[in-house]
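Chain nomenclature is as follows: A, B, C and D, assigned in order of appearance, with residue numbering initiated at 1 for each chain independently.
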Amino acid sequence: MKNLLAAATLALSVSASGLAFAEPLKIGMITTLSGGGAGLGIDTRDGFMLAIKNSGNKDITVVTEDDAQKPELAVSIADKMIQSDNVDVLTGIVWSNLLMAVAPGAVAQGKFYVSTNAAPAALAGANCNKLYFNAAYQNDNLHEAMGEYANKAYKKMFILAPNYPAGKDSLTGFKRYYKGELASEVYTQVGQTDYAAEIAQMRASGADGIFVFLPGGMGIAFMKQFAQSGVKIPVMGPGFSFSQDVLPAIGDAALGAKASGQWAPDFDNEASKKFLADFQTEYKRLPSIYAVQAYDAAQLILSAASKASVKNADAFRAELLKADIKSPRGNFKFNTNQHPIQDIYLTEVVKKDGVLTNKTVEKIFADHGDAYAKDCKL
Amino acid sequence: MVEPVLEISGLVKNFGALRATDGVTLDLRPGEIHALIGPNGAGKSTLIHQICGTLRQDAGTIRFVGRDVGALSVAERAQLGLGRTFQVSSIAPDFSALRNVMLAVQAKQGSSFRFFKPVMLDHSLIDTAMAMLERVNLGARARIPAAELSHGERRQLEIAMALALGSKAFLLDEPMAGMGPEGSKSLTRFLDTLRHEAPILLVEHDMDAVFALADRISVLVYGRVIATGTVEEIRRDPTVRTAYLGDHA
Amino acid sequence: MPMLNRENLVNLALAILLIAVPLIANGLGQPFYITLATRVAILALAATGLNLALGLGGLVSFGHAAFFGLGGYVAGILAAHNFSGEPVIFGLGGTNQMWVIWVVSILVSGIVGLAIGAISLRTSGVYFIMITLAFAQMVYYFAISWPAYGGQDGLSILVRNQFPGISTMRPLSFFFVCYVILILGIGLFALIRASRFGAALQASRQNEVRVATVGIRPFRIRLTAFVISAMLTGIAGALFADLNRFVSPSMLSWQMSGELIVLIILGGTGRLFGPLAGAALYVVFEYALGGMTERWQFFLGLILLLVVLFARGGLIGLLAGKAKHG
Amino acid sequence: MTLALALEQLLNGIQLGVMLFLMAAGLTLIFGVMGLINLAHGSLYMVGAFACAAVAAWTGSFWIGLVASLIAAAAAGAIVELVVVRRLYDRDHLDQVLATFALILIFSEGTRWLFGSFPLYLDIPPLLQGAVSLPGGAEYPVYRFAIIAVGAAVALGLYFLISRTRLGMRIRAGESDREMIGALGVDIRTLYTVVFALGSALAGLAGAMVGALQSVQVGMGEPVLILAFVVIVIGGIGSIKGALLGALLVGIVDTLGRLLLPQIVGLFMPLAQAGPIGGAIASMLIYVVMALILAVKPRGLFPAAHG
């Protein structure tokens, strides 16, 4: 009790004097560093660590562990980090299904969770939580943006996603804004690697546009096969489908594909330029959107930690909510459900200096929140 | 006339174009030892497989203790009392001799679907099994893993298991094979007493044993029974002499 | 009568160790090790189930994850319906009572085990391995694609299910629940192994023809063993879901089936405490190697390979010598 | 459904089947001759894909990459046989499953160690780019035709190898009687290594060809492996003919199931629900087919002599 009081007094004096708040903070990062989805986890970790390193804050420790994309393992690691390592904040999970396994338990045990990517609808609406923040988006956002964009140029869309909840959320999000006709709505097997059958259906469907949500290897396979098929219908998708982690593997087949994103490497703001330069210096490659999201998550935690003690959950939360950071994304603030309100852009895959990357075309949504915030009573 | 225990008539089995069993008819009467002889490839194994139920006949009937068993499974025929030993001894190698016999005793007693009472505390099983082992002179070897028993001892063990089943007929597939002269002699003496338990269908190459034991002999050549009769009749049969015993005579 | 031979001593030591670790961890204020020990107990129970089919019956089921996952989904689905108040089926509601969940998961995995076993046991050898794998894949894809219960995302159990008189949210209490069930499971295994049924089952592994020749139908014996095996693995699945407060299709994946087999081999096939020894070893490997290197799966693979090639008796074999059969 | 779509889907089914055949042929050959069940076969597929992608990136030629994939997979197979698998022939299937399961872990993490976690780039060679027109107005990618052609060539090649050559004679002898072939004076250890390397090379070839169509990444082998097992179990383990027919059956059933089932379910409910449910049933379809076939024919469609 004495210590707490002392800490509170110290906190007051520090805020008053405007000095950095120096109290140890332990962050537990659980992400996918082995198995098929490791690329995403590695970008997450690297983006996050870049922000920590840039901050020069010695009071912050990050313990990182590999979840191998297995929910059970993620839960076990989270238990260990909470019960044994005594971390204050958890972060890093890439996949919605792993997040659903870990986050509810973590916040139930009084820990903050700041998501760097996964943002299932289940945690954005009625089941939102004071200790759960999402620094990336809400799962539906990028799909909604493509639905909005499709209204402009297309009358009959063929839409396709894997047969799992994020896939269904994706097409639901797309349809929430898309007002035209649907040629077909197809769900493929999770982890499917051959899309010949679906491409044949696209050819036969008479659609004038195709929306696909196929993250990771599925997207690589689809785009390469689509390019060979001779089908000439324009393809679009959410940012993950053409993100920097998969572009090199898709190759020129991705050229011209339209996508939605909250960030692209050509963003013309100081924070973005600095992030891009730092990341390339540090890791010798272009960052993906996952790296940006993790970078911002780390910035958010750093910013809150510099002003409040994590032991004081309410104060720490209040500081997080302020989102007092310079995001490479530009505008960034939190909605009432602690998910971002941000601008969403249309991007196009181009080749710049021999490297495939995303170029910003136009803004689709300004200050876009999500459909679930109204159900969240915080 | 006494009803035969085992009655086979018109049995046929084809493997593609090959007719391995060609209209075999034979029977086994109470108290007798009926030997089945024939050169290699005559179809003895195929015939035994059909009698036991591991192979299904293409035509003909098999009657055992008054029932048509031609469509029954191996286990069902065994439950009716068809006790069998194998050309190459067939035992549960990790089990002791005793537990092998206990398996037969429990099968005889009816239910293997008892989950909770440890067999090694079940004296009705152990005592019966020990008695059977004593009868085949294996009492002293009861606790030895079956895999470590000698060739002859495994033969004895198989017979003990057949005894434990309370068999109504024994089907012995070359019991003398691989036995030394001493072993053969003692086994011959034992089989002579076994016939009082139940009749024996004896498939055997060892002619000394056959002639010493058999009440009747059937000769199988190319899937057919070419002759059936007493030892003397078979010895004198000219067709048998040319077809089979030629080199012996 | 259980004698104090070397294997029994090793078994006793393992049983005591498993209960000592969480007690000490509790004293030291390190609840994570309780969670770890609970994981060991549950995985050991699942593997004990499989050991009945695989160790005693020689039935190499490469699809036991199906039962593990089904048990988990029973826990998840009943808890979800209890939370939402909607009936599951025929007007029957969900529940958060563990013992009801256990009974239902035993029934469900038993019935599915009967169906899978009845078809799979018509085959043998590699075919059996592959057909059990195929059935598990069928359940896996069904769980991934069926929209009602979370599909790939799985199903969260917001509050751990209840057991009368015990605060299951306390790690140590929940550990004891799992420990007691594990010991009961191992006891059941021991009883069955020593029984007439066990004799017939083990004999049909060693020599199927011999068993049929004494008049016992191996198919029925095996099918029964497969069903009991499925039930034990199913109840372990329900506990596992409660441990993680989460169930997902990865509990049904073929890698899970592989891991269950791994546990048995690591510990010693057919040995009473083999699954427990294997589960303990595996969880320690996973935890210790995972803490040391991202490449832990590489080293896990190497260790496994060495065990299969050179240490066939597994851990129990190493500590207690060759298995004895009475 | 138009005729063009039906034709295109049939070709897709055949192409998938042919690809599965390349995997299944090696598996079934190894099982037939050595009685070994090899879960690590999918890892050799991955090795082929990575070798092809790495060499193609280095030399700029897909074709050199393709040759490299054959060599790399055969070499990896031979090493695995010499170091590990050789000790497993006398073991039961359980030990084989376990040891090769361990090999998957080693191969997957080892590959990640060498190549990193990001998917590699591998493109179709310029010669096989583009699509050709089909009757009815559809088009079909040249590269997929090429895969079908390669698969057909491999099937023919295997047929000649096994029925007309000395090696084939020994393989057949090995399939029917393992002891006898040793007695014939054939160096059985070398024969096993050669057969294993041959099966591995076929898997590597499949991996390289498919790698150009999909993504070359760690873990790409396992889904194919399980499908290949379904194929050989349906066909009858040890039978090359069974593997070919089983592969085509699985390829066509899977492709048509994915197309038709959502539409059939769609007759009863709205599209948004029919899609996922139809998809769910379609993803289970080949396993249902396998279970049905084994329930009627427990040793597959073309049971081999032993197994």
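Couple of notes before you dig in:
The rule we apply is simple: a contact is a pair of C-beta atoms (placed from the backbone, for glycine too) under 8 Å apart; a residue touches a chain by one contact, two chains touch by 3 or more.
The chain lineup, named per UniProt: B = Amino acid/amide ABC transporter ATP-binding protein 1 (HAAT family); C = Amino acid/amide ABC transporter membrane protein 2 (HAAT family); D = Amino acid/amide ABC transporter membrane protein 1 (HAAT family).
Values in this document were obtained by computation on a predicted structure and should not be read as measured data.
Any chain bridging subunit A and subunit D, meaning touching each of them, is among C; the list is complete. Taking the definition of touch as given, a chain qualifies here only if it contacts subunit A and subunit C alike; those chains are D. The chain with its Cα centroid farthest from the Cα centroid of subunit D is B. Centroids of subunit B and subunit C (each the mean of its C-alpha atoms) stand 43 Å apart.
In terms of their C-alpha centroids, the spacing between subunit C and subunit D amounts to 32 Å. Taking each chain's centre as the average of its CA atoms, subunit A and subunit B sit 75 Å apart.
In terms of their C-alpha centroids, the spacing between subunit B and subunit D amounts to 48 Å. Looking at subunit D, one finds that residues 108-109, 112, 276, 279-280, 283 touch two or more other chains. For subunit A, residues that reach two or more other chains under the stated contact definition are 33-34, 163, 168, 187, 189.
If you sketch which chains touch which, the pattern fits none of the simple shapes: not an open path, not a single ring, not a star, and not all-to-all. Touching pairs of chains, sorted by label, consist of A-C, A-D, B-C, C-D. On the subunit B side of its complex with subunit C, the touching residues are 52, 54, 73-79, 84, 86, 90-96, 99-100, 102-104, 106-108, 111-120, 122, 125, 145, 161, 164-165.
Per the touch definition, subunit D reaches subunit C in the complex via residues 31, 37, 84, 87, 93-95, 97-99, 101-106, 108-110, 112-113, 226, 229-230, 233, 237, 273, 276-277, 279-280, 283-284, 287-288, 290-291, 294-295, 298-300, 307.
On the subunit C side of its complex with subunit B, the touching residues are 191-192, 194-200, 202-203, 206-207, 209-218, 221, 224, 325-326. Against subunit A, in their complex, subunit D makes its touches with residues 1-2, 4-5, 8-9, 12, 15-16, 108-109, 112, 117-121, 123-124, 129-131, 138-144, 210, 212-220, 223-224, 255, 258-259, 262, 271-272, 275-276, 278-280, 282-283.
Subunit C contributes residues 54, 60, 62, 119-120, 122-127, 129-131, 133-135, 137-138, 141-142, 144-147, 254, 258, 261-262, 265, 269, 295, 297-298, 300-302, 304-305, 308-309, 312 to its touches with subunit D in the complex.
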